[in-house]
Every structure is written in C-alpha cells, then in structure tokens.
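Listed after this line are the structures, all set down as structure tokens.
Shared between the two complexes below is chain A, which pairs with chain B and chain C, respectively.
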Partner chain A sequence: MRFLAIAFAVGRKDLLSEWRSRELVPALAQFVVLALVIANFGFQINNDNAFEIAPGILWLALVFAGLVAFGRAFAAEKEQASLEAMILTSAPPAAIFAGKALAAGTLLVICEAVLLPVMSLFFGTPLTFELAATVFLATIGMAALGCMFAAMVAQLRAREVMLPLLTLPLWIPLIIVGGQAVQNAIGGGGAIDQALWLLVDFDILFVVLTSLAARFVLDA
Partner chain B sequence: MQRYLIASAAAVALMLAASAMIFFFAPTDALQGPVQRIFYLHVSSAIAAFASFLVVAVAGAVYLWRESVVADRLARSAALVGVVFTTVTLVMGMMWAKPIWGTFWTWDARLTSTLVLWIIYAGYLLVRRLAAPGRQAARFAAVVGIFGFVDVPIVYFSVTWWRTVHPGPVISTDALPPEMLLTFLLTMACTLVLAAVMIAVRYRIEALQDAQPQGQFVLQAARRPTS
Partner chain C sequence: MSAILAAGIAHWFGSEPALEGIDLVVERSDHVAVLGENGAGKTTLLRILATALEPSAGGLEIFGLNAHREKQRLRARIGYLSHAPGLYPSLTATENLNFYCDLRGVDRARVPEMLDLTGLTQVARRRVGELSRGLQQRLAIARAVIHDPLLLILDEPDASLDAEGPELLSRVMQKRTVVFATHDQALATRLGHRIVNLRRGHVVGAGSRLHVLH
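On to the complex of A and B.
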C-alpha cells in the first residue's frame, strides 16, 4: 500500500512538473510527427507501399521518442541532485523507480496518442483497438527497461551515447513481437492475440526484473 | 605463474587435438564438402559463449547479493571471454555462410539475436569502463549482465521459434553420424576447457590489477562498508 502511494506520489510529481513546464511532451509530439515526414522522403511512400512501411516507421519514431523521454526522466533529477534527496528518504527505491517509470511511460503514451492518429491520417493505415493495445503493451516493457537504464546512465560519463546502447538491444524482443503484431493489425493478416499475450509476458518479466534491480541501480 | 602456463599449454594442446579430430577423423559432409568442418568450432564457441555469459549472470547475481569482489572479478573475466567467443562464432558463421548461403550475412533470427548478444555484452564492457570504478561499476555491470542473459535463451530457441535459414539443433535431434557427433562433443569439451582457462587467466590479470595501489582503493569502494 505504502509502495503504491509512494510510486503514485513520485509519478504525480513528475507529471506535474511536466505539466507546469511543458517542455518534453510538445517537443516529443512534434518529433514523432517530424519522423513521419522524414520517413516519407526517405522511403518514397505511396499508396502501394504505405502499409508495409508504416509499422517500421511507427517503431522507429516510438523507440527514439522513448529514449528521449526516459533519458530526460533521470537526467533532470541528476542535474538538480534531487535523486539523491529521494533516495535518502525511507521510501523503497523500487517505489521511486516505479513512479518515475510510470510518469515517463505516461508521457510516451501521450506521444503515441499523437503518433497513431497522425500516422493513420498520413499513411491511410487503420486505427484499430488492436494497434493501440499492441503499442500500449510494448510501452510498459519499454518504460521499465528504459527507465532502469536511464537511471544507470544518468550516473555515467557519456550518458547520451550509453542510453541507446544499453536500452535498444533489450527492447528488441518487444519490438520483434510488437512489430509483427502491428504489421498484422495494419495489414489485416493473421491473428495478433498470441503476440499480445507474448507482450504481456515480456512486460511481466521486465517489470519484475527491473523492480528487483532498481535498488542496485538507483543507489550506486 | 607456473600453473597458468601449464593450464594454457594444456588448453592449446587440447584445441590442437580437436583440430586433428576435425580435419582427419570427422568424415567430409556429402552436401557441403570440407567447409562443413567449420561446424565443430562454430557451435562449440557459441556454447562456450553461452557458458561464459551464464557465469557473468550468476556471478553478477552473487555480487549483488553478497558484494563479493571475487564474484565481480569472475564476472568481469567471463564477460570478456564471452565476447571473444561470440565474435569467433559470428566470424566463423559468416565464413561458413558465404559459400553455403551465398552471403556473409542475412537477417535471420538466429544471426540477429547473436549479434544483439554481442552488442549487449560489448555494452557490458563499456559500462565497466564508463562507470565510477568500484561499487558503481560492479553493480551496473552486474545488472547489465543479468538482463543481457535474457537474450541467451532467445538465441538458443530462435531456430525453433521462428522460421530461420540457420539450421536447427542437430545434437538433441540425433541428426549427426557417430563420427561427427564424437568429433563435435570432443571439440566442445576442449573449447569449454579453453574458455575456462581463459577466464582463469583473465581473473588472475584482474586480481593483479586490483592489487595495484589504485586498485586497492577501488576494491575498498566495491566492498560492503564495514563500519
């Protein structure tokens, strides 16, 4: 109970500070839209190939937006030295970590709420519940892993380089499964229930592992 | 000192014996010809890499649990050896793929997941360099090592989970003729010995480095505070 209360308090703090400054979400939303524009030039998209290319662009935009969102979550704390202050309290590190991941994940979900409709508008891809569910489930695992490594690299030298280097390889399972599911959801081929359950499995695995690791990563 | 020399010489001798088996005892593959002989060392080094990464993950967990400097040093050594063996696996695989598949690389699930494995543990080695030496480096590396191990079963099962160009398991499915199986098992045993010796030598190097004056300082930082 106390764990949840702390996690929500930390998450609320992060979202509130984002709401007051509004520095990350507008920029990220603009970034994901820009990614679509760049992809259009890079891939020469037309009505024939849009359905094949769209899933790839979706994941690329999402992955890079995620890296920025999760990186910021801890970089800001590090700059203000407020992470140390939080660790000094009696709150369990896993709860602090869960709150940070919750907030950063929520920010990414807001970006997705921009990205998916815009993609559907520009590429003519269907905007289905399955698509949204896939992306949302992948975001949970991405947030857990991304925030853990963000907490780690915030304490390293060369943090901007190290975050993608550590995070991307471990996001790959989520992207493989999610990519397949999105392709099915957009292309209309094959069921995606199995992929969704696999994503749930990955989410559980990564959330459990990261909450176990949080203690060692935050306080090192 | 002497012990390490003897162990290394023994490992080299074993590898030479394995090569003799590979080139003179094992029959030539009817379809692929002599190039199939890459198989023995290719698969053996993959298994040696998996074993090394298992050591990294377990030693990392022990470090997080006990803050044992010995476990951390073991993880450090095994990670380097694991990366070396993954490199060997990838390079030999490419050499084998060129004549058989007509290309060095294809985005097959087994190949891709192995490349990811290499990247993860190369990242592990980078984290060790970039983190503050001592407890931070040891803790972060342990976490990366444990998470990275998630990819090992993915690599192993990739050939069963996805449709791959890469052949599936041949040992458990009993697809090898007895001479090939014997050669493979012997090569695998020799390669594992080689990996163990390499880890031991590396451990010794790490221990000597830790014994340097500045290493002592780092070691103090890695240990559980006594006061």
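On to the complex of A and C.
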C-alpha cells in the first residue's frame, strides 16, 4: 500500500507541476501536430496507401515526443536539485520511479489524445478502440524504459544525446509490434489480438525489469 | 551508543582526494559545527553522513546501524538540508511539505506546525517560485524536520537567512543530534557544542566551542 501511495504522490506532484507551469504538454501537442502536417505534405497519402504510411508517421511522432517527455521527467528534478531530497526520504526508489513513469506516461497519453484524431483527420484513417489500445499499451513499455534511461542520464551533461542512443534500440520491439498492430487496426487487415497480447507481454517484462533496476539507477 | 561513529572516512573524486582519514564521534543530542574554507570537504562529509554519498573508504555507523547496509532505515531518522533548497517552484509551500509527508508516511497535520516553526504560515499558500531565497531556505529547513528526525544534517543552514536565522536554527536543533557546516565562526560557536575544523579534507582541529575560541 505504501508503495502505491508514494507512486501516486510522485505522479500527482509531477502532473500538478505540469498543470501549473504548462511547460511540456502544449509544446509536445504542437510538435505532434506539426509532424503530421509535414508528413501530410511530404507523402502522397491517399485512401489506398494510408494504412501503410500512417503507422510509420504515428510512431515517429510518438517516439520523439516520448523522448522529450521522459527526458524532462528526471532532467527537471536534476535542475531543481530535488531528486536527492526525494531519494533521501527512505521512500522505495522503485515507488519513486513508478510515480515518475506514471506521470510522464500520462503526459504522453494526453499528446496521443491529440495525435490520433488529427491523424484521422489528415489521413482519413479510422479512429478505433484497437488503435487507441495499441498506442496505450506501447506507451506503458515506452514509459518504463524511457524513464529508466532518463534517470540514468540525468546526471550527464550530454543527456539529450545519450537518452535516444540508449532508449531507441530497446523501444524497437514495441515499435515493430505496435506498427503491425496499428496497421491492422486502421484497415490493413489481419488479426490484432496477437499483437496486443505481445505488447502486454513486453509491458510486463519492461515494467518488472525497470522496477528491479530502479534502486540501482536512482540510488547509485 | 554514539549517534555517529565514523572511522577513517575517505572520499576521492576521481584521483582527487576530498576527504582523508576522518574520525568522528558524535554523541546523542550533541551539536557539531563543521568549519572550513571552500573546498575543505565540508559538503562531502555531510553528504556521507546523510547517506547521500558512499565513502570511498572507512566505516560509518549511525545510531548503531551500518550506514551502507541499513541506508533505507537510517534515512527515516535523518533530516538533511543540502546547499540547494531542492523545492518545487510551481507548488505552494504547503504542497511542497504535503508531498514530503506523503513520501515519508508522515501525517499531513504536521505541516501547519512546521510552517509555524519556520515562520512561513503567512506564505503557506504562495508558490515557492514566488518566494525569496531566504523564505525558500526556511521551507527547506521545515522539510528537513517534517518527520521529526533524530539526526539533523545541515549544510550551510544560515545561507540567505535574515537576522532571525540563528534563532530559527536554534529552535529547530533543539533535542536533536545535529551536524552542521558553516563558514560563519560566530554561528558555529553560538549553535555548536563542539567544532570540527576541516582543511583540504583533513581534520585540523576539534574541540568544544570554548576550546576553539581560545
């Protein structure tokens, strides 16, 4: 119970800070919309090829928005010199980590709530429950891995460079499975259930691994 | 049992020694002031005592517990004030303290009491980013004692505090074991029962405040 209480306290604090400062979400939402606008002009997208091209554009926008969202989760604590104060409270590092990942993941979900309707508007792709479920499930795994590496590189001066270098290779399985699932969800044909269950498996794996690693990463 | 028992503490940053051969015994309810010029190793020593930093060598016991193995248990008994306040600028003073109550499993009812102790009741609902550096320091002090710690470690607690600062610190330090670092010899002699002088990572003098004054 204490673990959950701490995780929710950390998550609530991060979301409240973001609500008050409005630093990240408006910028990320603008970024994903601009990415779609550029893709709309850059590719000759029509009803025949939308289900082939749109998943790639969707994941590119999500990956870069995610890198910014997860990177800021720990960079802000570092800049405010508040991470150490939090770690020295005797709260379990895994609970602090879970709270940070929860908040950063929620911010990305808010961006997705902008991204998916705009993608539907620009590319004419259907806005389905399966599409939302795919993106949501991938976000869980992305948040776990992204926040772990963000915590690792928070102390580094070159963290903006190091975070993508460390994170992107491990996001690849999520993007491959997620890409296939999105393609199926927006009309590419094929069963989506298998891809969704695979995403659930990845989520469990990444959440467990990063929770175990949190103690060593945060309290090194 | 001593509150702090440090034997041969040493710490290096790369090949650069920051502390060497530090032996320190602090009894319960003792107030120890650590004096020293910039780069003397005060902050490094305090960070080690607060379990924020592992020493490169030497042994450290706090309240009879090994500071390396029992880190998490000890942190519940230690309050630490670092150089930087480390507060959340977009949250109010009350919200900052509420957050640390939640992390430490302390009843939020303690927050008004701590705000009163540090003279922050009037600004409780103001965002920390709008507070002066001195008021932020007061809030950071309130955060350090929100869980009623047995051991208080304060790194330059007088930084940015006004003329009432020493009085506030005296109130906060009551009935606690305290190790604090300062550049201000007058504050060290006023609040410290004992004074430890550090120079280039070595203890070059230690004794009661009367001993150091003469």
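Basically, the second predicted complex is superposed on the first by the 215 of 220 C-alpha atoms of A that agree within 3 Å, B and C clash if a C-alpha of one lies under 4 Å from a C-alpha of the other, contacts with A are read in each partner's own complex, and residues count from 1 in each chain.
Everything below uses one rule, namely that a contact is a pair of C-beta atoms (placed from the backbone, for glycine too) under 8 Å apart; a residue touches a chain by one contact, two chains touch by 3 or more.
Values in this document were obtained by computation on a predicted structure and should not be read as measured data.
Shared-chain residue A:Pro169: touches chain B; no touch with chain C. Set against each other, chain B and chain C differ in how many residues of chain A they touch, and the higher count belongs to C. By the touch criterion defined above, A:Met1 reaches neither chain B nor chain C. Contacts of A:Ala213 after superposition on the shared chain: chain B is touched, whereas chain C is not. Shared-chain residue A:Leu16: touches chain C; no touch with chain B.
Legend: residue contacts after superposition of the two complexes on their common chain; A:Ser82 is shown touching chain C, with no touch to chain B.
Taken together, the chain A residues at the contact with chain C in this complex read 2, 5-6, 9-10, 13, 16-17, 20-21, 80-92, 96, 219.
For chain A in complex with chain B, the residues that touch the partner chain are 145, 148, 152, 155-158, 162, 165-166, 169-170, 172-173, 205, 209, 213, 216-217, 220.
Of all residues in chain B, only 64, 113, 116, 119-120, 123, 126-127, 130-132, 135-136, 139-140, 142-144, 146-148, 150-151, 154 touch chain A in the complex they form. Residue ranges of chain C in contact with chain A, taken from their complex: 50-52, 71-73, 75-76, 78, 80, 82-91, 95, 99-100, 102-105, 127, 143, 147.
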